[in-house]
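You will see chain A twice below: alongside chain B first, and alongside chain C after that.
Entry: the complex of A and B
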């Protein structure tokens, strides 16, 4: 943009959005709201977990905040959303899921293996069910990563396609162009919601896996 | 050894092994420079309001900066000119992202205009509640202490009145003693009277007995001294007297 390498500026810009609260008891409005939000997120995440799970507080909360920021900033024009790349999402999902699995296997191996068989299954179904549960267990990291990637990529793709259509139609059929823009408006609102929800779902599922295994 | 590229924890130990003059000078270098005040409190207070911004983005200082040369419409002319320049020279190309940008920016601006004041009020409320909690504690403490002071003053006033209390008590005791004394006096009087009455009764009895005895003795002697002859004579005299009387009575009738 303007031939000036603004990449550095754009890389560092998000840090401006989160001022560190400073060493005071009553903060500025922005800091107060951010601290309140952080407090809310941490509390909601940590309630179902036992004491051992509280070690994951920083990890999960910062993951949530990062995903929220990345998703929401990606909706601005001329931005790039890293979470649309499968590589990054898998890099987030796979090690974290593996960590929950290994903690479970390390601390309570029989209990975490017992999760593979839900209670009250009729006896003939047991082998099949164990296979099914194992598959579902192993597919979790894939599901986590791909869910996030797919949702965000789909949203961004739709935005770009519809806006291209709107621009292309403008000189020919301005009315259709305006209609398309209306659709785009609605889509944008959806995208904002999706961005926030996907971040939340990611972290929620991780905490769920953690609950079972810690 | 005197290199300052050593990591801070390792450096002082090594550097202290130098001779005193050199070690002191070198230690100065690895000591961090004080770039800010070392005190943690009191921090300077936050300004009451944030910086003034126009249209939510451009600080007021920009407008004030341009005001002397270009007046009120200066910055707006600048903005319009820049925009038209970018568009006409295709430095900024209108492509699909422009439409997307228009949409997302309208959503954002709508959101801010609608909910901005509420969010600010919420943040203020959070802070107010925090302050109010602590102020409430302080006020409660002050109230409790004031109540304690009132109590103390009341106790002091009570203590001043203790002389009246003592006087009343003293009077009570004196009265009790007096009453007791009088009771005993009465008892003594009654006892003495009983004894004296006894003595009087004894004397009376003795007189009585003596009298009775004397009368009996006189009667006995008189009866003894009446000889039988005297008895006949007295009886004959009585009969003659009676006859004389009866005659006079018959005559009277």
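Entry: the complex of A and C
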């Protein structure tokens, strides 16, 4: 439409869904639910972190809420899900992971390097294990981004394929079409769960990387 | 004897009427400014008066006559600030009517989501119209 891509609308729209609560004792139901959810998320994220980690509260909580909203909105018909684009997920994962790494290296360099070697490894295994741990460290941003992309894209793709199949089968073999629709129902429930879980996993892993390093 | 007032028409009564009839008890139904029964004419500004003259550009859309419509449109504020103000007013109207209420329901946010679906469909229509007669999607 007018040459503007749909991703712009789908990125800006979630801002409309979260009104800032007014200056009242009892807010509207929407505000109450959102505040409760925000409180739950912040509490869960901030408990394992130390005092320095609390500076990341706004970043992690808003990331979680944004991913949750974008993933769930993508399940509506004809909408666009920005998190299916690898570019966007890498743009989210890479700088945040790098920030956790650099924070650790800057503030506690020896401790963050010591994470490369788990405790109690037998001595001959040490060189191999350091290589393995370094690889696993360097692959974390890639894994974060690709995990989110792949899960969402695969879910959307499955829904599209199975719904096309059931629509195409309906005039020919209605019984099979009904079976397929049952599969579609289960898949949709799975998709809703996956949408929420993926957001959670993303932020959880980030906070984990943060705990080690801050 | 004029019949007693029902509900809370008390604020608009002239002092003579207030002296004649005892003030009404606490209303058992939500008070409205208009009386429930016809009362003798008293000088109050009801909807039978002629509309107050207002400059054209400030009139509400529903009050503008059809012939005045192009002039009214031309005189509206189309600066970025004006458009922003109009969007803000529309948003506040919707928000205060459907969402910012004590017992708001599912409908308030469902309308927003339905509008989002419709706008997404319109936005991607040029891409979707090729799917109509396609054999393999």
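In the analysis below, the second predicted complex is superposed on the first by the 198 of 214 C-alpha atoms of A that agree within 3 Å, B and C clash if a C-alpha of one lies under 4 Å from a C-alpha of the other, contacts with A are read in each partner's own complex, and residues count from 1 in each chain.
The rule is simple: a contact is a pair of C-beta atoms (placed from the backbone, for glycine too) under 8 Å apart; a residue touches a chain by one contact, two chains touch by 3 or more.
What you see is a predicted model; the values in this text were computed from it and never measured.
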item: Which of chain B and chain C A:192 touches, first, second, both or neither; value: first
item: Chain B versus chain C as contact partner of A:181, first or second or both or neither; value: first
item: Which superposed partner A:172 touches (first chain B, second chain C, both, neither); value: neither
item: In the superposition, chain B vs chain C on chain A residues touched; value: B
item: Which superposed partner A:164 touches (first chain B, second chain C, both, neither); value: both
item: Which superposed partner A:73 touches (first chain B, second chain C, both, neither); value: second
item: Touched partner set for A:12, first chain B, second chain C, both or neither; value: neither
item: Contacts of A:47 with chain B and chain C, given as first, second, both or neither; value: neither
item: First (chain B), second (chain C), both or neither touched by A:22; value: both
item: Residues on chain A lying within both footprints (that of chain B and that of chain C); value: 1, 22, 26-30, 76-78, 160, 164
item: Touch list for chain B against partner chain A, complex; value: 40, 43, 46, 50, 91-92, 94-104, 106-107, 119-120, 122-124, 126-127, 130-131
item: Partner chain A, residues of chain C touching it in the complex; value: 95, 99-105, 108-109, 112-113, 116-117, 119-126, 128, 137
item: Chain C-touching residues of chain A, taken from the complex the two chains share; value: 1, 6, 9-10, 13, 16-17, 19, 22, 26-31, 73, 76-80, 160, 164
item: Chain A to chain B touching residues, read off their complex; value: 1-2, 22-30, 32-33, 36, 75-78, 159-160, 163-164, 166-167, 181, 184-185, 187-189, 192
